[in-house]
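Both complexes below contain chain A, partnered by chain B and then by chain C.
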Partner chain A sequence: MADVAIPRAKPQMSEASAWTQLKHNRNWLGFWFMVPAMAFLIFFLAYPLGLGIWLSFTDTRIGRVGHFIGTENYEWLWDDSIFWLSVFNTLLYTFVASALKFAVGLYLALLLNEHMPFKAMLRAMVLIPFIVPTVLSALAFWWIFDSQFSIISWSLKHLGLISQNINFLGDTTWARICVIFANIWRGVPFVAITLLAGLQTVSPSLYEAATLDGATRWQNFRYITYPLLTPIIAVVMTFSVLFTFTDFQLIWAMTRGGPVNATHLMATLSYQRAIIAGQLGEGAAISSAMIPFLLAAIMVSWFGLQRRKWQQGESND
Partner chain B sequence: MTDLPTSRIDLKAVLHGSAPTVAKDDHSEGMSYLQSVPRRLVTLYLPLAIIVVVLLFPFYWMALTSVKPDEQLLDLDKYNPFWTWNPTFKHFHKLLFESYYPYWLWNTMYVAICATVLSIIASVFAAYAIVRLRYKGANLVGGLIFLAYLVPPSILFIPLATVVYQYGLFDSPLALILTYPTILIPFSTWLLMGYFKTIPFELEECALIDGASRWQILIKIVVPLAIPGLISAFIFCFTLCWNEFIYALTFLQSTSNKTVPVAIVNEFVDGDIYRWGSLMAGALAGSLPLVILYAFFVEHYVSAMTGAVKE
Partner chain C sequence: MSSVQIRDVRKSFGNFEVLHGVTIPIEDGQFVVLVGPSGCGKSTLLRMLAGLENITSGTISIGDRVVNNVQPKERDIAMVFQNYALYPHMTVAENMGFSLKLRNASSDEINKRVKRAAEILALSPLLDRYPRQLSGGQRQRVAMGRAIVRDPQVFLFDEPLSNLDAKLRVAMRTEIKELHQRLKTTTVYVTHDQIEAMTMADKIVVMHDGIVEQMGTPLELYDKPDNQFVAGFIGSPAMNFLKGHVRVNGVATFEGPNGVKLPLKTAPTASDGRPAVYGVRPEHFTIADDGAEAEIIVVEPTGSETQVFAKVGGEQVVAVFRERHQFNPGDKVRLKPDPSLVHLFDEATGKRLNA
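Right, the complex of A and B next:
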C-alpha cells in the first residue's frame, strides 16, 4: 500500500497553485475566518473611534458638515463649569459606587459561600437584578424615589422617623445618593457571583490548617481569602469601574442629569450636547475626554494582573 | 490575559453549592460545626436576608404597582401600600391594546435575535481561527479583540450616529443589528476561545488525517462539542442586546420602530399622574422574557459571566 500512496501524494504537493495556497495556507485560512468579525469591528468600532476623535476637533452640527477648528472645543469645555461639574460627578459616582459595590459584593459572596439550605435558589435569585434591563429597573427606582408617593417616605413617616416626604430626586444630594444606590443595587450581583466563583477555588483545608494554628475569622479572610482572590478582584473591579464610569442609561432613566446638573455624568452630558442640542463636535469632545480616564483604569488593572502572576505558580517575569 | 483561578472553576458548582472536587474531596462538613445556630443566625442568615430583600424589593414593587387599581396607587393612607386585595389587569390591557407595546416587544426581539446570531457566527469563526489555526499574529488579534471589549458604547454613539446617517440606516432596525455586534463579538469571541481551548487537539488531528477540511472540522467537530458554550454566549448576548439603550435611543426616531427600553422611557413618561401603573406594567412585561430565559439557563448565565472575566 505504501508504495502506491507515496507517488500519488507527491505530484499534489508540487502542484500547489495560488488557489490551493489560499485554501490551505494557515495564515490565509486564518484571514478568511477572521473576516466577518473584523469587518464589524473595523467598520463600527475602530473607524467610529477614530472618527469621534476627529469630530471633537471640528464644529460639526447635526445636518451640517464641520470644519477643522483645532482644540477650540476643548478650550471651550475647559471654561465650562457644567463640564467640570460632570467630571466631578462622574468621578464621585464611579468611586463611591465601585467601592461600595466591591465591599457589599465581596460580603455577599462570602455569605453565599457558606453552607446553607436553598443555596442554589438563593444564588439564582441574587443575580436577577443583573438580568433585568437597567432602564426598566431604573424606572422602578424612579417610582420608589417619587417625591410624593415614595414608599420609602411613607414607611419612614409611619415609623415616625420623618415628618415630611423626602424629595429624593429633586434635591441635589439626595439625587446623587439615589442614583449611586441604584447603580450599586445593579452592580452587586455581578461582583458577588464572579467573586463567589473565585472563592470556590479556595481549598477549605487552608482554613482548617489556619484555624488549628489559632487564626481568627478575620485573619482567615485577610491572609488566605483575600490574597488568593486578588487576581479575580482586579479583573472584576476593572470591568465594574469601566462600566460605572461610562454609565448612561441609569441616569437617563432616573434623572436625565438633573436637578441642576447634579447627576450629569460625562456620558449624559455628551448625549445632551451632541444629540439634543445638535453640537456633535462638542459632544464628541466630551466623550473623547473620557478616554484618558478609561486608559488609566485599564493600565491599573493590567499592571495589577502582571504583579500577581506568581500567585498562580507562574514565573514572575 | 493571564491565567486566573477562574479557569479552574467548576461552573455547575458555583450555582449548586457543591464545592469543586479540589476543595472537598473528603466529603467532610468543613468547619461549620464550630459555629452555633444563634451565631449563624446573626452573622449569616440575617445579613443575607436583608441583602436579598433589598435586591428583590424593586421587582415586587414593580409587579405590585402594575396590578394595583389607580385609586390605590395614589392614596397611600386609605389603603395599605404593600398589598392589594383587588388586582386589576387594566394596565396590561392598556399596554397591549392601546399602545405600540407589541410592536416594541417585537422590535426588541427581532433586533436582539438578528444581532446575536450575526455575532455568534462571526465569533465562532474568529475564535476558532485564533485558538486553533494560530495564524501569524493570532495572539495580537486576540489582545485587540479584548481591548475592543473595553471600548464603551457611550464614547462611540456620537460618531456612530454620523456613520449610521451616512449609510442611510437612520431610524431602521438594521442600524442596531449592525452596531450591536461591536458590543457582542468581543465578548463572545473571548468566551468561545475559552471553550474551544478545552476541545482536545487529537480530535481535529484525526479528522485532518481522514481528509476533512478546516471548514468540515469546524462544523462537524468543534461546533457540536462547544454547544454549551454557544448557548451561554447566545443567551448572554441576547440579554446584552435587550438591555442596550444608548444606541437605540440615538439611532431610532419613529415611535413604532423603537425598542422596549427606549420606548418606555420616552413614550410612557407623559404628564398623566396615573401613568405609574402602565409604566410599571411595561417595565415588568419588558423584563419577564429575560427572567424566564434566565430561569431556564441559570448555569449558562453564570458560566458566561464568569467566562467574561476568565481570561
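Right, the complex of A and C next:
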C-alpha cells in the first residue's frame, strides 16, 4: 500500500536523507499509531498469559524463584481428586447457570419487548443486579442463605412448611444450588438486555407478514424470532459461558469453595493453591488447565456463527 | 376471488380520527388503487382490510363475509409490503412456501405451487438464494410470489414499488398489471404516485385527510375531477389554477388575475360575478391569436414534448406542447385554453361547477 500511496522520489530529490524518507513513510507512521494499543495488549494480556503458562511448568512458590520442572505440576494434578472435583463443579456450574440464564433471559427479553405500561422503568429495573458490585450482592446472598439468620428459612418456618433452618451453605447440594442461583441472578440482566436489543432489530413487518401467512404466536417465535436471534444468542451465550466458567468473586465471597470443596471452581482452587498456599506453579497449572475448555467454548460459538449462510452472501443493491 | 365492500369505515387512534367514514365498493376481479398524499389514511385502510389494524366502526366484508372480527390468517388475503418483509433466514423457495408450510400442506404440494409461482414470476433460477443475494426487483418479485402461492381471494399491495429505482418501477408496474390480467384476482393497491394509479387501476380511489375525494376510472378522474384536490392530484404536470370571477355578458368568460380574459364554454347558472377557480391542464393550451397574453419564463424540452413556464396575468402557469415551437425566455405569446376542456371550481369549497 505504501508503494502506491507514496510516489517514488524523483531523481533530484534522491538526496533526501534516510531519516526524511522514513518520516514520510506511512507504514512507519502507522506503526507508531499502533504502539500504544499494542503495548497495552502485550503488558496486560499477552505477558500475564505467557507468564502464567510458564509458571505452570515451574515449581515457583511465593518468595522463591522456581525452576523448570516440565509437566510435573500437571502430572500431579492428574492424580488430584480435588482438582477433578473442581473441574466437575466448574462444568456443572457453567452448564446449569448458563442454560437457566439463557432461558430466563430470553423470557424476560420477550416480555420486555411487548407493549406494556412503565416499559422503560421495567427495563431499567432489570439491569439492577448487573449494576450492584458482585461482592456486595454476594454478601447479600450470604446473609439470605445464612444457616441461622436466613430469611428464607425464617419465612418457611413461619409458614409452617419446615421445622428447622435449612443449612443452605453448609450442605453440599444446597451450597451448589445457592451459588448457581446467585450467579443466575447476576447474569440474567446481561443476557436479557442483549437479547432485547436483538429482538428490537427484527422488523415488525416480518411479524405482520408471518401473521398474514397464518403463523400463531408460537410459530412467530419458532420460525421468525428464534432464527433471527441466533447470531446474537451465539455471541451472548459465548460471553456468558466464559464469564461463568471463570467466575471467582461470587464463590469466594459466599463459600470460599466449601463445604468440603463442593463449590470449588477451577478459578477459586487456583487462587487457593497459588496465593493462599503459596504454590504459584501449581495454581498456574490449574488456571492454564482452563484454557482448553474456554477455547472449546469459543470454537463452538464460532462455528455456530459461521453456519448461517443467510447472513453472508453479497447484497446486490 | 371475491368482491370487497368497505362501508362507512372509521378509524381512530385514541381521540384522533384518521378515517372519517370511508365507503368503497370493490367488484370481483377489480384492480383498485387507493391513492393520496402521505397521511391520508390509505395505508391504514389497507392494514384494516388485512386485519393488522382494528376497525373502529363500520364494516369490511370480503365476499359475503363481514371480516371485522376475523383473524388475519382466516381472511384469505395476501399482502405485499413496502419493504417486502421477506424472511431473511429463508431461501426464496422457503419464503414462498412458508404460508403453505404453516397450513401443514404436504411438501409435494408446497413444491408444486412454489414452482408454479416461480415460473410465473421468472424466479425459477433463484429459488435457492437468500433475500440478501437478490436485487431490489427480484425481492419485489419474491414478495409477489409469496402472495401468489397462497392463491388468495384478495391481493393487497402497500406501496410495493416505492423502494425501487425509477426504471425498475416502470417495468414492475407493467409486470404487476400483467399479472393481474392473468390471475384476475381482486387487488387493492396503495400508492402515493398518481402515475402508478393512472396506469394500473381499473378504479382509482383518491383519498385526502381520511375521506374519499372521488372514485372512478382513471380517465373519469382525469376528465372530470369532482373537486380542486382531485384535479390538482391527478395529472402530471399538475393542473394550473387561476383565481377570478365568472362573467356572463352574452358570452360566458372567466376574468382571471389582473383582468385576464379566459374562455368558458358555458357558465354555471346564475353565476355572473361569482368568484371561482379556473383549472386548465398544461396539455390543453394552444397558441392562438385570441389567447391570453403570456410571457415565457422557462422552456424545458424533454424530447417528446416541451414544458413551458409562463406568466399569465401575473400568475405562473405551465403549458405542454407536443409541437416544437421556437420559444425563448422573455417572448410574448398568446396562450389559449381549450374551452371544452377547462374546469371550473368553487373558490370556497373547491367543488366542481361546470358540467
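Convention: the second predicted complex is superposed on the first by the 285 of 317 C-alpha atoms of A that agree within 3 Å, B and C clash if a C-alpha of one lies under 4 Å from a C-alpha of the other, contacts with A are read in each partner's own complex, and residues count from 1 in each chain.
The rule is short, and it goes like this: contacts are C-beta pairs under 8 Å (C-beta built on N, C-alpha and C of every residue); 3 or more make two chains touch, one makes a residue touch a chain.
Just so it is clear, the structure is predicted and the values come from calculations on it, not from any experiment.
In the overlay built on the shared chain, the residue A:Phe303 is in contact with neither chain B nor chain C. Contacts of A:Ala140 after superposition: chain B is touched, whereas chain C is not reached. By the document's definition of touching, both partners, chain B and chain C, reach A:Glu208.
Contacts of A:Phe88 after superposition on the shared chain: neither chain B nor chain C is touched.
Once chain A of one complex is fitted onto chain A of the other, the partner contacts of A:Ala267 are limited to chain B, with no touch recorded for chain C.
Looking at the superposition, the partner that touches the larger set of chain A residues, chain B or chain C, turns out to be B.
In the superposition on chain A, A:Trp78 contacts neither chain B nor chain C.
In the superposed model, A:Phe31 makes contact with chain B only, not with chain C. Contact with both chain B and chain C is seen for A:Leu228 once the two complexes are overlaid on the shared chain. The interface of chain A with chain B overlaps its interface with chain C at residues 203, 208, 211, 228, 308-309, 312, 314. Considering their complex, residues 26-27, 29-31, 33-38, 40-41, 43-49, 51-52, 55, 60, 104, 107-108, 111-112, 114-116, 119-120, 122-137, 139-141, 143-144, 146, 149, 151, 154, 185, 188-190, 193-194, 196-198, 200-204, 207-208, 211, 228, 231-232, 235-236, 239, 242-243, 245-249, 252-253, 267, 270-271, 274-275, 280, 283-284, 287-288, 290-291, 294, 298, 302, 305-306, 308-309, 312, 314 of chain A touch chain B.
Chain B makes touch with chain A in their complex at residues 1-6, 8-11, 13-17, 19-20, 22-24, 28-32, 34, 40, 44-45, 47-48, 51-52, 54-56, 58-59, 61-62, 65, 73-74, 76, 81-82, 118-119, 121-123, 125-126, 128-130, 133-136, 138, 141, 145, 148, 150-163, 178-179, 181-182, 185-186, 189, 214, 239, 242-243, 245-246, 249-250, 260-262, 264-265, 276, 279-280, 283-284, 286-287, 290-291, 294-295, 298, 301-302, 305-306, 308-309. Here chain A touches chain C in the complex through residues 203, 205-206, 208-215, 219, 223-224, 227-228, 308-317, going by the rule given at the top. Chain C makes touch with chain A in their complex at residues 50-52, 72-73, 77-79, 81, 83, 85, 87-90, 98-99, 102-103, 129-136, 146, 150.
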